[in-house]
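What follows is subunit A paired twice: with subunit B in the first complex and subunit C in the second.
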Partner chain A sequence: MTGTPLLALDLFVNGLIIGLFYALMAVGLTMIFGILKIVNFAHGEFYMIGAYTYTLISLGLGVSPWLALPVAAASGALLGWATERWLMRPLYTGYGSWGLMKDEYAVVVTFGLSLLLINLVDKVVGPYPVRGPALSDVTRVALGPFMLSGQKLITAGVAIVLLIGLALFIKRSLWGRQVQAVAQNRLGASIAGIDTARATSIIFMASGVLAALAGALLAPIINPAPDVGIFPAVKSYVIVVIGGMGSIPGSIVAALALGVLESFGAVYLSYDYRDTFGLVLLILVLLFRPQGLFGERAREV
Partner chain B sequence: MKRLFRFALTAAAGAFAASTYAADPIVIGVSIAQSPPGSVVQGTQVKDGVDIVVKMLNDKGGVLGRPLKVVYEDNQGIPEKGRAATEKLITRDKVVAVTGGHQSSVCLAEIEVAHRYKTPYVNTNCWSDDVRAKGYPEVFNPGNYNTRVSSAMAETIAALKVKSVIAFAENTDYGIGQAKLLGEFLKKAAPQTDYKYVALDRAGKDFTPAVLPLRANPPDLVVNIMLPPAAYILMNQLYEQGVAPSAKTAFYDGAGIADYPDFWQNVKEAGKYMLAFGLYHPAMPMPALGKEVGEIYQKQAKTEPNRLIFQAADSVLLIARAIEQAKSTDPAAMIKALQGMQFEGTRGKFSFSREPGYRFQQWVDIPYVTYQLTEVNQPVSKTTLIQVPGQPLQIDKVLRPAK
Partner chain C sequence: MTTPRHPNFLASKLAQEMRLALVVLAVLALVPVAVSSPYWLGVLIVSMYFAMLSMGWNLLAGYTGQFSLAPAAFAMLGGYTTALLAWHWKVPLWIGLPMALVVPGLIGLVLGRIVLRLSGPYVALTTLSFAEIVRLVIYNSIDFTRGDQGLNVPALIDSRVGNYYLFVGALTVITVGVFLLLRAPTGRFLLAIRDDEIGAASRGIDVVRAKTVAFFISCAICGIAGGLYGTFAQLVSPELGLIAQTGIVIAMVVIGGMGTLVGPLIGAVLVYVASELLRDAGNVQMIVFALLVIVFARFFREGLWGLARQAIARRRSATRTAASGV
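Let's look at the complex of A and B:
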């Protein structure tokens, strides 16, 4: 294969892999928006906590990284549960007398949580980046013409399994159907006997698990530092809007598209503007399809 | 008798007031990154160096009989925060001088404030030549500068006889400035060398699209002009893609990252065979004071010191010596003392140049070394020295990986 087609293929595969990482983050964010219609500004810190839990458990206690992975997932679930139980519940359980606007409350609380977690980790664990242990010792794998690290290959595989698992959970399981019902009509679901608080809690926990696993799987690649979550979180916000706010398939498609677009744009247009491509796409989507690629126009009566 | 008693009381009160005045601390302002997105790694090292030397000075009775006190401000590596921190240090904390700066874009913002208030500013580690080129009489530069690094690197690259060089530079005043300067020096030192640089986002986490084109057309040398954590990520991705270090492509760090305490934990195999520009190596000749500071640091941190420890120590020592020479904390007197001072600190003896441009109030001949890391987890003291300060390069000592 000559240099240029090989490079294009390389860029495409790399873009898809990066897109899968983006998808893990963005799907959790869009699920929360789907059910509560708020943006979780602490989502990047769910990712950071997962990365640190995985790294510290594995390096500090000397346990296998494969065992640290479920612990990281559990930390994400716990953080998601706690966020929902103690910070988000006022949004829908009778705290109306506080006189707070729902959107403002969510922005202030989640943004505050984000700053708290970043600074807490900075002071407790330290400011130094810490590279997580790899799930595979193979630092270079040649898959035909492609070069990958064993960790990247495993991460991409786990990401696919997680996304398929999530789709099955939402579509097929009883809890998944309850979540769908609450997302469509909270009051209606409640009248039908669905525990809406539990459904919201499940979504926050699932969102936390996905973000924490993304952080844990990428810990050997991104070298976690306290502010490591900011960058993927910003990407996730862009992806969620492009895909259609609240749409899980939309987020996955938008994440993959953004990964590939950035990969090609960085080489064939300009690396300097790599992070701009997503924003240009975002503006175009907002201009010509404001509901996002897979979103539906909202109607209120 | 009553009069005598009143006199004694007045005298005692006067003596007490005088002793209180004498014990009033001299306050020095230190603005560093203590939280993200700034380089907290550097900020922590600077703080360690400052703390060591302040304790040493205070244990010996302080300066002019007064203890030194340090007020730290966290600038988060953000220029606006640095500007606000310097303003606060000068106006509210009444510091006699400001120091600690370790990120060029922040220093460039801070020196404007110091210049406005005519307060001495000792630049600890901002490499951008622009910090000097402003020509502010309040700003003194005992640390390294981009021209020094770029000329040293160009000399090494010429000796390596490579045909193509690509530099990855962070998109900051420091990174872009150094990358451009390297290109200019290479035109003179190695005109046959094809050189280009790519600017990368210092907050980036994936540089694979910048690395992938090198697989098809690998250069002879890749140069790093990025700081951690981005530098570590770049190194790992260069290694993962088989680009560098390899038999074909050498890797050369120009950002002085090899002696950071977290270096090996973050790069592992990707750091082996790296050539490094360094401002400190245990094999460098050093005054007794420098050795003492290094030993104290090693004792408390259980790791080898790096350049920032000494640079931070010298920054505080300069301020202390200026106060001693001026016999006052008056800013104008301190600036005058610093301008004419023959200073001996932890890294050697020097005085500040008065030439305009990048040499303005700079320690021009700051010593440096070039060394190569030949094993994973290798401490700096065990690395192979390719160039000792003031000596010619021994380029035949450079090793390459087998594949």
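Let's look at the complex of A and C:
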């Protein structure tokens, strides 16, 4: 033991790493909210499918987990694409007449999709948890004064790369800018000649990839089971509201903050109730700053 | 869908649904005459428990447009209120059961006030987080709630048929209560808020008050349903509040017909009885219902009751044209 300051730093770093995973989940959710103004209640199941694809591919085919990672990402993209194409598209192809029923439809249909995926996996793969293969066998890596497991370090690295890549894609690429335009104003963007359906599709696929990769990277730790997605999903709902719905930087900051808060709270407050801290924070934010930390207003045409 | 609704049309629609709801309840009340199997009576009792939750959820989601995802959590709170009072303080059921109505109602009131200023998805997100976290607290507070072991609850009525009629009675009271509420001005206000919140506010409707009332009543209904279920099963456990339970409630309402009085009743009984039948056919019931939810939400917005009503209307207009045709 080298004293409390180092323990605090250690907790901080570990909290940040957990926060990175929360961010992978929450960013996808907030992007979908940004572009369609709906919440995807099947988001946790994207994560679950990613974890299962990764585990089953690498264990079933005996290939390196590194090869299974892109397959998991592809499964997330496919799921995102299918969700958008068959379930979400009626929301905006009938732009006017669906306006009133939008929230209702989106909640029911994504919730139904979540139930469907959980029970389908339960029936096809089985209800018992499967142990995911690790990307690295190294259990302890010294990073300066910190001791981290190899798996944690790799996954944190991949998560950072993904988040930076996403930020560049949204800010710099043509498609990313189209997505921003559609998020700000769908009607205005379509008048300017942007294919809004394609932009929505891209966002669902990106969101599916991020969630599926989060699941795959965490597979050795969480041991995929059909209902494994519920909890990370609830966490990301809390984060997205705290960060301001639709704001990507907001959700990243909120995710990291929640990770650190839980990491400290589990040691200094209560380990059993560590998952409840997010809700306390959520209620405080809702009471005092309902638009979230980084809430944005939509633009008018 | 978009036809303007005249108040009288609304009242007659509600009365029609109420008549049908009474028929469903009467049929339920007559079942023990023909069926004596305790197993099937038990299945129907649980389906009536779900029918109460569906009524409560439908009042909020179908009639007020507030998407709570916590009906199962409030049932769990109701069940635990009765159970904890009886377990720790030996409170008799005639006090404990009404408390299952009051305590979840008050918690719902507080939660309702917090999510009140939010709209659309925020309500669903906050109530879902609330539901998961309440379940977690109950699960982890092992000293107080015995965690996932659950708590034993004393039985109110010992006989199966007695319990059956207790549930029929409670469901009838809840159905009539919801009908009276919807017929009263408050009910009209709720519909107006669902259809156009800003418009409703601009016509002088106290949106805050109406929504809070709906939240309170809905949570109280779910709470008493949970309390009654606890005395029937003589056990409450954190599993009552699983998200999957909320999923079943939503499936029932969407399949039966959302925003209608009789839809939740039909949906709850049909879905639960069908799931018991499908259990023998390889445990695929939840897959089937999840698919049905998606298909109904996508293509048949008014559920089974809406389909039935359309069929009746078509039949009527066909006979009318046949009668008036030369």
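Note that in this section the second predicted complex is superposed on the first by the 287 of 301 C-alpha atoms of A that agree within 3 Å, B and C clash if a C-alpha of one lies under 4 Å from a C-alpha of the other, contacts with A are read in each partner's own complex, and residues count from 1 in each chain.
Just so we're on the same page, a contact is a pair of C-beta atoms (placed from the backbone, for glycine too) under 8 Å apart; a residue touches a chain by one contact, two chains touch by 3 or more.
These numbers come from a predicted model, not from an experiment.
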Combined model on subunit A: subunit C and subunit B, fit or clash: clash
Touched partner set for A:L11, first subunit B, second subunit C, both or neither: first
Contacts of A:F231 with subunit B and subunit C, given as first, second, both or neither: both
Subunit B versus subunit C as contact partner of A:F33, first or second or both or neither: second
First, second, both or neither for A:Y92, with subunit B first and subunit C second: neither
Partner chain in contact with A:P127 - subunit B first, subunit C second, else both or neither: first
Touching partner for A:V267 - first (subunit B), second (subunit C), both, neither: first
First (subunit B), second (subunit C), both or neither touched by A:N119: both
Which of subunit B and subunit C A:F169 touches, first, second, both or neither: neither
Touching partner for A:I221 - first (subunit B), second (subunit C), both, neither: first
Subunit B collision site on subunit C, chosen from 147-155, 183-191 or 273-281, when both complexes are overlaid on chain A: 147-155
Footprint overlap on subunit A, where subunit B in one structure and subunit C in the other make contact: 118-119, 122, 227, 230-231, 272, 275
List of subunit C residues in touch with subunit A within their complex: 1-2, 61, 65, 67, 69, 114-115, 117-122, 124-126, 128-130, 132-133, 136-137, 140, 195-196, 243-244, 247, 250-251, 254, 258, 283-284, 286-287, 289-291, 293-294, 297-298, 301
Residues of subunit A defined as touching subunit C within the complex: 33, 37-39, 41, 87, 90, 97, 100-109, 111-116, 118-120, 122-123, 227, 230-231, 234, 237-238, 240-241, 245, 272-273, 275-276, 278-279, 282-283, 286-287, 290
Residues on subunit B engaged by subunit A in the complex (per definition of touch): 34-37, 40-41, 43-44, 171, 198-201, 203-206, 208-210, 212-213, 215-217, 228-229, 232-233, 236, 239-242, 261-262, 265-269
Subunit B contact footprint on subunit A (complex, rising order): 3-4, 6-7, 10-11, 14, 18, 118-119, 122, 127-131, 139-140, 147-149, 152, 218, 221-223, 225-228, 230-232, 262-263, 266-267, 271-272, 274-275
